[in-house]
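Paired with chain B in one complex and with chain C in the other, chain A is shared by the two complexes that follow.
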Partner chain A sequence: MKDSFRQSMKWFHTWVGLIVGWVLFFMFLTGTLGYFYQEITRWMEPERPFIEHNISNERLLDIAQAYLINNAQGVDEWDIMLPSVRDQNLRVGWRHPAEAGKKRGKYKIKVLDANTGDEIERRATGGGRLLYRMHYRFHYLPTEISYWIVGFCSMLMLLAVITGVVIHKKIFTDFFTFRAKKGLLGWLDIHNVLSVIALPFHFMITYSGLLFFLFTYMVLSTNLQTNEDELDAMLDEIYPRTAHLEKANQAAKMLDISILYQQAKTTWQADELSYVEMFAANDVNAHVLFVRHETDITYNPEDEVMVNAVTGELILQKPKEYTVTSMIHNGFFSLHEGHFAGSIARWIYFFTGLIGSAMIASGLILWTTKRKPKQLKNPNGPDFGYRLVEQLNIGTIVGLPIAIAMYFYANRLLPVDMANRVNWEANVMFISWAMLLIYPIFRPANKAWYEQLTLAALVYFALPLVNVLTTNKHLGNSLLQQDWNLAGFDLTLLVVGGCFAFAAYKFRALQVNIRPSKQAIKKVEKQCVQAMNESLLPLQQVNKDQC
Partner chain B sequence: MSNLIDYINFSSPRWPVFSRVLAATFGGYALAIASSLLISQLLVHVTGKYQAIHIGLILTFLVYVCAAMWVFSVKTAKKAWIGLLKSIFFCLALTWLLAKITGVAN
Partner chain C sequence: MLVLISFSFAAMMLFCLAMTKHRKQVLEDEISSLTVRFFRPFAWLLLLFTGYLSVDMYGWSIGPALFFGALTIAILLLILLLTYRAKIVPPLAVIMPLIASIGIFIN
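Our next item is the complex of A and B:
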């Protein structure tokens, strides 16, 4: 392409990063929110009670079982999810019978009041799950098509990461270089720092993202090498499953789950139940799987205890067997999803995810910053391509966070009994995003940046206030109840609002600083047309050298 | 208007770039698949069939990335296409040869 390999790769990095940069930003940001999807869902269901302190696991299991006996009759398999650090309510779930024409019925979760054992009526919401699922299954597109688009974008991301490393001469020293300059060099340094600081994360998250759909993307290879049965056997080897006793169709009386739990408790020597799975309920083969909090990146058979629900005896399971490659494969998944992460690790995940989003954003801004001096000199104004990138940048980098906030607004403000409410929450988000993408077309870039940054700050600051007006699960109450999940959500909104306010202030300040010298710049430009001005030469030199 | 003519004009520098994009996207994909066949054929006696296929699959993305980078680093688009086709042919031929020698068909 260019004279040297590194020059070619610089060119390649620029365009590979630009072409789907906005989609990647969307994937990174919504994916990052996924690390807190349970907490987000909890906030979006304000009908749930506050955190319940000091209720024993046995009591919770009794309450859940009593509810299931009354409400899930004839259901063989059901689950009990105990309150955890991430989701502080007692939940039960089971799969409903399949509707006509569908393979499997819908899995429904009920949230129970841990004191009364009654079901809590919640508003219909997509919650955090819908939000994070968008990062690999685009909302309005068919599943299969969006997997392929996601794969294409991820592939370009992987290319951008690897070419980024290749073109980086001094990856180590640059890590300690930050030139707090305005304009091009400043943005270049920001982009470099954000990329290098979390490089292993960027690589891991992109590569593992591709691995999730390995058998979709590389179907040609598996089709050439295996037949259907072999593929099934291979998938069983890669994703091993625990073998279960089948239903014997012979009714039997089960012991209480809370009594069975004692087996798990003695095995673990600890009282740290995460969830319970029931199989073949009310059958002679009824058995229960007790699972404690995942603590390993890889599979740990000791996290699960299986008990016969009729006799109360321990069922010794053969641990799932992983081959070396499936260990690597599943290890990548585990790193991607971060289920094993405790509170601190989860926040680190969240911040590295944000760093990834910011890396993409800074790269996109860098593209325009680099071309700005030349574009401004254009007699007919900036090119269509340049303006498009600039508008997409404003509409996505600031617009998408506003749109996500609108998703939360929709959750609070749409009528609770509205038909199709879940879809409308998402529609509100995408309509707002569309509007924010269109808005910069009609405004000068500087004004649009400032106005959308201000709007973002307002929107995030006002959200906790709307929460106060519409629910009783607001900051005042959640702090009083020491419900840190709920309080954390509102506090995070305020911090995000603060960040946007600071960005808007900083942006304004930089503009004002430039303003007195604007005439000077015009003068320079005039002279530049006549003869190359000295003061612009080094800048152009920098353009060529640095980007 | 002149822009449009520029686009259609085959001697414009856009066409080799477009050609490289196609080479990287589809040629790179084909090479990735071909490499997975070769890798699994190489490993099949070491790790067993399923793991061999799996390793080949996991590595496809790296092969794909390297192929795409290579396509955009060589002097001309023509060279990129020829190189890709050669590599694909090499992978497939070697896979076939190995299968013949060891008697394990994929």
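Our next item is the complex of A and C:
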């Protein structure tokens, strides 16, 4: 341990950050993509139609209900998801009967063509959901184990955030300081700036992340301090249950949902439906719930309107009973996932998520930059530990984005009727990541950085092209149809590619500057000789300048 | 949302100008120390106003969350500009809130 409090905190911050840094980077990056998981899923199912402009909610409800009457016979509960900024297709879904040996059946979503009302056959894909599920449930590991790893890493992240604030001596005087061209200082500034400007986000995301698996992590406390009944009572208090509507087992004819929707419209005084839930369909007791876009982080009862689907009367009692505890809990979830965010706020979430990833990356790079001069002086070359950190940095910070792009490539290029297609999409991603982690072992660090940055740029630039060649949902068409959902994805890929290309170019430029030309070397030698003749002190300075 | 970002940007620029180190980066002429003394209280006022605006636009629940988000983006923009294009910070800090406010009135 080190002498002063701040020193020991610094030591702690450094090593905690190093141990879990790469896992955290993975969690942050995939989690950040999760803010757009619906958009990603839509892109990954190119069979879906383009956006339908100028179609009323009533018409969409009619189409969906017509489909459900024909195809969801005997299903008591189903949902209709209306097109939104995030997913511009009409979708319906219900829980299918359980397979043998399973407790609950799978919830399946079907995408409908808003013109014809037919179901659209889509390719098998993990979509954005699989990608973002990876950030808390690692792909190849059992659920329980990955929750524990995630919890361990998040806890260390929380500690790193807190110790980071402690060891940052001049938060306010250095608030705006970014000395870009000062090497080590520059990296320190980047790390500080990225941490400080999004500190509320970092703290919130880590803390609320830990709350997600509360009962997994606090298992000792819940096991020792409560009995079965108390635990149930506690769970009930935290997770609000939707009141289950009993069927009266008397068939009845329901009114059209589009007509019932008028009730919600008058209550809200706006046409802003997000989705519809149906309970006890085709029964005397049938109820339909209209839900609009969330207007509160915790819970606003006015966002939901319940109507009796047979008589059409408004039901004032709310379907979910929220206690104060559950509202706070729900508030943390909502903050973590950004449920309430509109499109600009969602982009801000995305950027702050990227700031978080970049903060972790810069911290990892800082670790190597700090040790670099000493390591290079080492007669036997850099230590194994140092080299390992450097290789993991290259393989993760640049390698992981490439691997994620490979996931999208797999989606477009794997045969549509392939068996186990969903698994193979993920396999392709992890195989490429593994290769990119191994690659830097065989290359000098500078070259590996440059080559992987270039590769990342190429991969991201080429993805929209592959999209053009394999589907008709490419940038040209999506812009023509003004489908910003799909166009946004392709444009973002191009921007990301541009960023990597710029990074590669900058990296190269810096390397050229550092490596002195022949003339410069001669000049330095001359200076050195002169300096040696004069005294020892200037020599050290010259050396320092050149290093 | 954009109005929040631009007002936070202006507030943060005032904080920044209150520091001698950054003032030299941004402004060519030295300004009187009396004026400088007004920067910080003014910045706090503007920041408070932005917070109020956020709550007014999005309510007590979502407002504060979006305020912090807007602040993050504004500071990031400011720091990048300080490093690479310091001179355009003051005009930008005036123009952005103006355009954003006009945008609100038009809608």
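FYI, the second predicted complex is superposed on the first by the 504 of 547 C-alpha atoms of A that agree within 3 Å, B and C clash if a C-alpha of one lies under 4 Å from a C-alpha of the other, contacts with A are read in each partner's own complex, and residues count from 1 in each chain.
In this section, a residue touches a chain if its C-beta (ideal position, glycine included) is under 8 Å from a C-beta of that chain, and two chains touch if they have at least 3 such contacts.
Just so you know, these numbers come straight off a predicted model, no measurement behind them.
K.L.:
Determine, for the superposed arrangement built on chain A, whether chain B and chain C clash or fit.
P.N.:
Once both complexes are aligned on chain A, chain B and chain C fit side by side.
K.L.:
Let me test your reading of the model: by the given contact rule, A:Leu159 touches which partner, first (chain B), second (chain C), both or neither?
P.N.:
First partner only, chain B.
K.L.:
Could you look at A:Phe502 and tell me whether it touches chain B, chain C, both or neither (first, second, both, neither)?
P.N.:
Touch partners of A:Phe502: none, neither chain B nor chain C.
K.L.:
Check the residue A:Trp11 against both partner chains and state whether it touches chain B (first), chain C (second), both, or neither.
P.N.:
A:Trp11: touches chain B, not chain C.
K.L.:
With the two structures laid over each other on chain A, which partner does A:Tyr349 touch: chain B (first), chain C (second), both, or neither?
P.N.:
In the superposition, A:Tyr349 touches chain C alone.
K.L.:
Counting residues of chain A in contact, which comes out ahead: chain B or chain C?
P.N.:
Of the two chains, more chain A residues are contacted by B.
K.L.:
With the two complexes superposed on chain A, say which partner A:Trp148 touches: chain B (first), chain C (second), both, or neither.
P.N.:
The answer is neither, since A:Trp148 touches no partner chain.
K.L.:
Determine, under the contact definition given at the top, whether A:Tyr239 touches first (chain B), second (chain C), both, or neither.
P.N.:
neither
K.L.:
What angle, rounded to a multiple of 10°, is defined by the Cα centres of chain B, chain A and chain C, with the middle one as vertex?
P.N.:
In the superposed model, the angle at chain A is 90 degrees.
K.L.:
Please indicate which partner A:Ser221 is in contact with in the superposed arrangement: first for chain B, second for chain C, both, or neither.
P.N.:
In the superposition, A:Ser221 touches chain B alone.
K.L.:
Taking the superposition as given, does A:Thr295 touch the first partner, chain B, the second, chain C, both, or neither?
P.N.:
In the superposed model, A:Thr295 contacts chain C only, not chain B.
K.L.:
With both complexes superposed on chain A, which partner does A:Tyr107 reach: first (chain B), second (chain C), both or neither?
P.N.:
Neither partner.
K.L.:
Give me, in Å and rounded to a whole number, the least C-alpha distance separating chain B from chain C in the superposition.
P.N.:
Nearest C-alpha atoms of the two chains are 20 Å apart.
K.L.:
Where on chain A is chain C touching in the complex?
P.N.:
173, 175-180, 193, 197-198, 200-201, 295-298, 300, 331, 335, 340, 342, 344-345, 348-349, 351-352, 355
K.L.:
Residue numbers of chain B touching chain A in their complex, please.
P.N.:
20, 32-33, 36-37, 40, 47, 49-51, 53-58, 60-61, 64-65, 68-69, 72-74, 106
K.L.:
Which chain C residues qualify as touching chain A in the complex?
P.N.:
It is residues 1-2, 12, 15-16, 19, 21-22, 59, 61-62, 65-66, 68-73, 75-76, 78-80, 82-84 of chain C that touch chain A.
K.L.:
Quick one: in the complex, what on chain A touches chain B?
P.N.:
It comes out as residues 1, 5, 8-9, 11-12, 155, 158-159, 162-163, 166, 207, 210-211, 214-215, 217-218, 220-222, 224-226, 230, 233-234, 237-238, 323-326, 328-329.
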